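There are two complexes below, and they share chain A, which is joined by chain B in the first and by chain C in the second.
Up next, the complex of A and B:
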């Protein structure tokens, strides 16, 4: 990218120079801010990645325990109780609430799981046998779902942060590698153009001064010649008129001639 | 005296059932099974006793299909025995199926209550609880129709009559309905084995009384333990206790007043067997822990109350085979087979989920 072409289309004026300088300053501030934001986001991103890793491992463990407890229910009840459970469940006991978390201006949705109290639809399932296992199985699965919810909110945050970090980095790079150089180029261009104008102006002024000087000289000469011509004419005509003297030159009344003494 | 003519009608059945009993998995079989690495290995181990039924399974079948196939075997054998049974034994075996029927009817009631297509439910019903007129129940679209058809079409009518109305089906929790039915069923069964002319005073009455009394006590204790923390009131709870058994009447009265695990322990203190169970469970479950800690968290050691009850049931069932000329062996055989299916399912689950540390939680009595 050559410096001449990569600049903004502005007229090289002092006003636009001022504008460009303000723009450069703005770009630099913005760049440092965005850089900091990107760093903050990346830090958060790494943390989330780590937590996702943990959550996934935990998920694996919890699901294993949960499915074993389901096997236990099958063992204790001695049959499939899935249908009874499905039919007796009326209202959700395990609910998810969503709230927003603000990380450097990025809104991350965070899911929060909570259990409604006293909502135990199938408390009596397996009353005859296996009831305790059913309840325990429910608790284990509630824990599993909890882990799942946590994982879900982390994953969502992960995806959103990834997107945002990409955008911010793109902006940082754009500012760093496009906007700032271009603004600098523009400023350089305006400066050089302004210098050029200055020089032109100087030259013009000089030219004008020269011309004026010449004109004055010419005028002086002409006037002198005129006067000389007149003088000569006067001299030719003789001293018939003294007045023309006055035309010629104002008399210095102080030191032109010594006045004759006046004797009374 | 009772042995004199037993074999005339029931000798063949007894022989067949004893043969079935011999094909039950033994401790050595279970040890082999726990060594398996995959479900396919397990299938291979089960080959001798379940080969025909497992043959159609795809490689590495799911545990539920494994359980379904093993149940199929029980059902087909049961049907064979039932088809050959006559007289009192036939009636006795019908009584055996009523328990499953109650589960099936409860399932259909649940489906009707929630206005599901009850035809889909037929597949989910336990095959042992199948009765000819069951599809008729699916015609019912509302609960009153269903109630009437249950009364007319099923052998369960006496259990409904007098204790449940069609409004009850609508209002009461299905579990209460089920347990009320079961209570009536147990009482009726108990009455049947003790009052039937072919069974009174025979080993059948003796052994079955023991089994049913145990079953009644177990239900009472379980209902009590499981009802803590639910909206089931003490008065309602009391209605679900069968009115016989070793705990009846003092124990059940105390059970009906129990508020926590210790209350139940006090109530059953009069019966030595249950006392030992509770002491062991109390130790295993830790302070304040409810009885049936099978350890879903993997932390609890030892056996849960439920496990001990199963163990006890299996021992009673095993002992039933020491008697001759009794119908009770059919009951005992069915129970032993059910436990075997549960064991297989449990071992299969443990293998499938790679949770070998608790694989030996099965109950084997042979």
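Up next, the complex of A and C:
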């Protein structure tokens, strides 16, 4: 972490502090949600990989049986029917359609095999001999293809989930290691700046108070001197007058008290 | 990410393989030939004389050019010939599936997807 420099460019105000705090909270919520999503997906992913492993092995066996039945056909028909079949293939009887499954917001497509009725390109195959074997071979291969289709949808789900999990994990890590520390740094920075401003303000007020105290003291002294001078003058004139003294003193005390209230 | 429109109309299977595998799969009824002007077959027969460029072209045609193919079946020994292409193919659609053939038993260690599975779990 690069310390204080790794923060967002904001002014250290109370408003942006509030914004940052909201952002941090949002990031933490998002982090926990994404983490849970990633875990759900990973669970699913492991299940799919296990099923892929099984299905691949099963496929090996099914294909073996299927090629055996094809060998039977070749034997029964008494020649290679490959060329004839390749030429007579016109429209697919065996097709797939895709449907979707939703796993924590990720759309996983799944293939579903279906056979269209009514078109049979190979009606003439095995007409002479070996028709039964041909029929059986077709059924075996149809089953094999169904297994293959199932495997294909597992594999597609695997590829998509792999990609999605990578993206989600990247997001989780980005939030955990970049966004949250940076927001925390920003909050720390704003707090320290605000504290600094507080201290400055306090110091300034103290200065002002000191100055005022000094000023009042000076004014007091001046007033006192004036009064004494006046008293002396009055005394010199031989005339005793209490009025100005009483008029002057209460006002001074009030002033001083008012000032202290303002400061502290 | 794959958009929905990308796989809506993928309804055929394609096969690249030796004669027996192709014959068997065609018997199951996956063979399809598009309308006459540019009648394209969705199956390619590979024998000893087929060179790798032809296989590669067929693989490219099924995986990238044609938008109506959902699953590409390829014999494992054929996939071995264009192994680099199969291994670098990572798109979800169409799904590429390696299948065993009569003369070449299935070897899970060569399968591109199974290898990814093993790599992910560090086996």
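To be clear about the criterion, the second predicted complex is superposed on the first by the 213 of 264 C-alpha atoms of A that agree within 3 Å, B and C clash if a C-alpha of one lies under 4 Å from a C-alpha of the other, contacts with A are read in each partner's own complex, and residues count from 1 in each chain.
Keep in mind that, in the parts below, contacts are C-beta pairs under 8 Å (C-beta built on N, C-alpha and C of every residue); 3 or more make two chains touch, one makes a residue touch a chain.
Bear in mind the structure is a predicted one, so any value in this text is a computation, not a measurement.
J.: Looking at the overlay on chain A, is there a clash between chain B and chain C, or do the two fit?
T.: Fit: chain B and chain C sit side by side once superposed on chain A.
J.: Which touches a greater number of chain A residues, chain B or chain C?
T.: For chain A, the partner with the higher number of touched residues is C.
J.: Of the partners chain B and chain C, which touch A:96 in the superposed model: first, second, both, neither?
T.: second
J.: Which partner does A:72 contact after superposing on A: first (chain B), second (chain C), both, neither?
T.: A:72 contacts chain B only, not chain C.
J.: Contact-wise, after the overlay, does A:60 reach chain B, chain C, both or neither (first, second, both, neither)?
T.: second
J.: Kindly classify A:137 by the partners it touches after superposition: chain B alone (first), chain C alone (second), both, or neither?
T.: both
J.: Touch test for A:238: chain B only (first), chain C only (second), both, or neither?
T.: A:238: touches no partner chain.
J.: Touching A:49 in the superposition: chain B (first), chain C (second), both, neither?
T.: Once the two structures are laid over each other on A, A:49 reaches chain C alone.
J.: Quick one: minimum Cα-Cα distance, chain B versus chain C, in the superposed arrangement, integer Å.
T.: Closest C-alpha pair between chain B and chain C: 6 Å.
J.: So which positions on chain A get touched by both chain B and chain C?
T.: In chain A, residues 64, 67, 71, 80, 125, 137 are touched by chain B and also by chain C.
J.: Note which residues of chain A are touching chain B in the complex, please.
T.: Going by the criterion above, the answer is residues 64-65, 67-69, 71-72, 74-76, 78-80, 83-84, 87-88, 120, 123-133, 136-137, 139-140.
J.: Where on chain B does chain A make contact in their complex?
T.: 63-64, 67, 103, 106-107, 110-111, 113-114, 116, 121, 124, 126, 173-176, 178-179, 182, 218-219, 222-223, 225-227, 229-232, 240, 290-294, 296-298, 304, 306, 338, 342, 345-346, 349-350, 353, 355, 358, 361
J.: Which stretch or stretches of chain C touch chain A in the complex?
T.: Residues of chain C touching chain A: 1-2, 4, 7-8, 10-13, 19-33, 41-43, 45, 70-71, 73, 90-93, 95, 97, 99-102, 105-106, 108, 111, 113-114, 116-117, 120-121.
J.: Which residues of chain A touch chain C in their complex?
T.: Result: residues 49, 52-53, 56-57, 59-60, 63-64, 66-67, 70-71, 80-82, 85-86, 89-98, 100, 107, 109, 111, 115, 121-122, 125, 134, 137-138, 141-142, 144-145, 148-149, 151-153, 155-156, 158-160, 162-164 of chain A touch chain C.
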